[in-house]
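Paired with subunit B in one complex and with subunit C in the other, subunit A is shared by the two complexes that follow.
What follows is the complex of A and B.
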C-alpha cells in the first residue's frame, strides 16, 4: 500500500484528507448490512494478504496495491475494508502512520471505488474479454491516480518538493501495468467461477 | 488500567497501565504537534522523549532501529531530492551540482519530524494487540459495524493466510517460479481470484452460523479498562508538553 509517513503532510492537508476519509468511511459503513459484515471482513483480510505478495520486477520486486480490484469487488465498502487493512498494517508491521490514516485511506480507496463505478455497468459474464480489459484499465488508472494524489499531497505540504513529484510518478508506471494485467486475470477467473462477486450478472450469454 | 484477558500472561510495561484510549488519543495529539514544530532543538527533545517512550512500552532497541530504518527509506529520496531540486536560493555549487541551503534545512527538519513521529507511534500504538485496539476504537465512538469488520478480519486473517500458503505451496510443487512475465501475472491472478472465492464462500458459512445464533450486527465489547488517575496524569503531561513545545516553537 502507498504510505506517507507521519510528519510529512501539513495540518491543512491532513485535515482535508481525514475529513474525506471519514466521509468515505461513513458512506461505506452505511452500505454495510448485518449480512455483509463477515464477508467484508474476510475480503479485507484477503486483500491485506494479497497486497503483501511481492511481484518480481527485474532485479527488485513490487507490492500490488489492488485498489482497482477492491473497488470492483466491494464498491463503497472498500473504505471500511481498506481502513481495516491500514490499521492492521500499522499494528502488525508498523507501516504507515496514525495521523495520515485518513489521507492514506482516501489515496488507496477513492480512485478504485470511483473507477469501478464507471466500468461496472459494462462488466458482464457474457463478454469476458471486454470486462477483463476494462477492469485492467481501471486498475492501472487507479494506481496512477493514487500515485498522483500522494504526489499532490506532498507537494501541497512542502511546495519545494514539487519538482520531484514527476520523478516519483514515473516510478509507478511499471506497477500500473502489472496491476492492470493481474486484475484482468483475476476478473477473467471470477467471471468464470463466481461472476456475481464483481457485480456481473450470473446468467452467462445474456447481453441486454 | 489495562487488563486485557488475552495478555494476562504477558509482562506488563509501564505504558500498559494506561487505558488504550488514552494511548491512542495521546499518540494522535503528540504527532499532530510534531507536524507543526520547526525548531530543530525541540524536535531533538521530541526524539529523546520518543526513545524514552519506546523503553516504557518495552520495545526492544532492535525493533526500534528496524522501524526507523524503514521510515528513513522514504526519507532518503526526499533528502536527495529536496536540496537538489528546489529553486530556493542561496545555493552552494559543488562541481555541476547546486545544493539549495533552505532545501537542505527543510530536509533536515522533515527527517527529525518523521523520526520523532515514528517513535511516538511505535511506542504508543504499534505495541497494542489488534483486539485491544478494536475495543478501544469502539469505545472511542467509531461505528460498531466498522469495529465488527475489524474484529472479524483479525479472527480470520491467520486462517486465510494459511490457505494462501497452501495454494502457494501447491503452485511451487508444480514448478512455479515467479518472474517478470505474463505467465506470473496470470498465475497470481488465478491465485488471488481463488483466495477471493474461498473467502466469500467461507463468509457465507460464517454468516449462516452467526445468524443461527441470532447475530444482529453487534457484539458486546467486553473490556475491563477504566480511565484512572494514571490516564489523567498522562493526558495532563501530554497537554503540558504540547503547550510548552508550541509556545517555545513560536518564540
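What follows is the complex of A and C.
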C-alpha cells in the first residue's frame, strides 16, 4: 500500500525523506551488533514476504506492513531490515520507485520504531495479555501513521491529487485491525518462547 | 525458535500462494476516437470512484474522470491526439498509461500503414479501416488484459530469490564484522 512509485513526489519531499531515511539507516546500522545479524535478516525476510503478498479485501487488496512488529523486535535496526526488503521489492517486482526508497523507508519504519519505543517499557513476560494488546495497538497505530505520512507527502507534492487522498485512512482501517491481531498473536507467542526477543532485545543485543 | 519461525513462515507462504502483486494498473484501449478501459488491482479489486487525470504529453490538463462501479471509464478527447491517463487509487497507488487516438503510436512504432491503391472510393476505404480497427481491438483485448495481469504478478522464484539475497547479505555483513573484529582468525 505504501509503496509510492517514481515521479509522484516533489523534489523537496524526496530530499527530506531521503535524508531522514539515511539518518534512520545510519542509526540502525550503528546499533547492529554481531549477535543481531541473524535476527535482523530474519525480520527483513518476514517483511519482504509479508509485504509482497497481497490478498483481496473488499474492493481493493491489501498486504501486511508489519512495521509495528518489526519496530518492537528490532528497534532502530528496523531501518536496515526494512531497507533491504524495500530495495529487493523495488528491484524484483517494481514495487515503489528507487528514487522514493528513502521516503518509503521512513513511512514504513519510523512509526513502528517510535511507537514500539513508547510501549516497550510496559511489555512484560509476566503480563502477556496486556503486553500483547499494547503491541497490537501500537501496530494498528503505526499502520495509520504510515497511511497519514503517505497522504501528507502526496498532498504536499501534488495538490491535484489531494481530494482523492482523503479516503485513504478508511482504506487502511481494515489493514490496521489485521495488523493489530497478527502482531498481538506473534507477541503472545514470543513472550512464551523467547521473551527477550521483544522486551530485553535492546539491552542484550546492542553490543556495538 | 528460529527454526520454528522459519517453518511458520514457509507455511504462510504456501498458504498465501499463488498470490499476486499489489499494484494498481490501468487498462485502456482506443475504439474510434473514444478511450475506454478500467483500473484494477492486481490481486483483486477494482477502484470505484477513483479519479483519472487526462493530460497531454506535455502535462497540460485536459480533464478529470471518475471511474464507475467496476473501475471502468470512457472518455472522448476533444481532438484526436496523444494523451496520458493517470489513475489515482485514493490509497496512495497510481497508475498511468500513454495512449493515442489519432493512429500515431503512443509509445512504440509499428510498421507504417501503406497508402491504399485500390479502386474503391476513399470513403469506403476509411470505413473498412475503421471496422477492421474495431474488430482487431476487440479480438486482442483479452490478450492485452492477460499480459497486463501477468506483468505484475509476484513470482515464486522472485520471492525465493529475494530470500536468498537477504541470507547472502546477512552472511556478507557477518563476514565483514568478523574480519574487522578479528573473530575466528
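Everything that follows uses one rule, which is that the second predicted complex is superposed on the first by the 188 of 208 C-alpha atoms of A that agree within 3 Å, B and C clash if a C-alpha of one lies under 4 Å from a C-alpha of the other, contacts with A are read in each partner's own complex, and residues count from 1 in each chain.
The criterion applied here is as follows: a residue touches a chain if its C-beta (ideal position, glycine included) is under 8 Å from a C-beta of that chain, and two chains touch if they have at least 3 such contacts.
The model shown is predicted, which means the values in this text are computed figures rather than measured ones.
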Exercise for the section: Determine, for the superposed arrangement built on subunit A, whether subunit B and subunit C clash or fit. Expected result: clash
Handout entry: Contacts of A:76 with subunit B and subunit C, given as first, second, both or neither
Key = neither
Practice task
Pick one for A:194: touches subunit B only (first), subunit C only (second), both, or neither.
Solution key: both
Problem - Partner chain(s) touched by A:182 [first = subunit B, second = subunit C, both, neither] - result: first
Practice task
Name the contact category of A:151: first (subunit B only), second (subunit C only), both, or neither.
Solution key: second
Practice task
Classify the contacts of A:63 with the two partner chains as first (subunit B alone), second (subunit C alone), both, or neither.
Solution key: second
Problem - Touching partner for A:172 - first (subunit B), second (subunit C), both, neither - result: second
Exercise for the section: Determine, under the contact definition given at the top, whether A:9 touches first (subunit B), second (subunit C), both, or neither. Expected result: first
Problem - Touched subunit A residues, subunit B compared with subunit C - result: B
Practice task
Just name the clashing stretch of subunit B against subunit C, choosing from 4-12, 148-156 or 238-246.
Solution key: 148-156
Problem - Contact residues common to both interfaces of subunit A (with subunit B and with subunit C) - result: 3, 5, 8, 32, 34, 37-38, 40-42, 44-46, 48-50, 53, 55-58, 84-85, 88, 92, 94-95, 160-161, 163-164, 167-168, 193-194, 197
Exercise for the section: Could you please specify the touching residues of subunit B with respect to subunit A in the complex? Expected result: 27-28, 31-32, 34-36, 67, 70-71, 74-75, 77-78, 81-82, 85-88, 100, 102-103, 106, 110, 113-114, 116-118, 121-122, 125-126, 128-130, 133, 143, 145-146, 148-157, 160-161, 164, 178-180, 182, 184-186, 188-190, 192-197, 199-200, 202-204, 206-207, 210-211, 215-217
Fill in the blank from the handout: In the complex, the residues of subunit A that touch subunit B are 3, 5-11, 14, 25-26, 29, 32-35, 37-46, 48-50, 53, 55-58, 66, 69, 73, 80-81, 83-85, 87-88, 90-92, 94-95, 97-99, 158, 160-161, 163-164, 167-168, 178, 181-186, 188-190, 193-194, 197
Problem - Of subunit C, residues touching subunit A in the complex - result: 1-2, 4-6, 9, 12-13, 16-17, 19-23, 41-48, 50-51, 53, 61, 88-94, 152, 154, 158-159, 161-163, 165-167, 169-170, 173-174, 177-178, 181, 183
Exercise for the section: Would you mind writing out the residues of subunit A in touch with subunit C in their complex? Expected result: 1-5, 8, 32, 34, 37-38, 40-42, 44-46, 48-50, 52-63, 84-85, 88-89, 92-95, 147, 150-151, 154, 160-161, 163-165, 167-168, 171-172, 193-194, 197
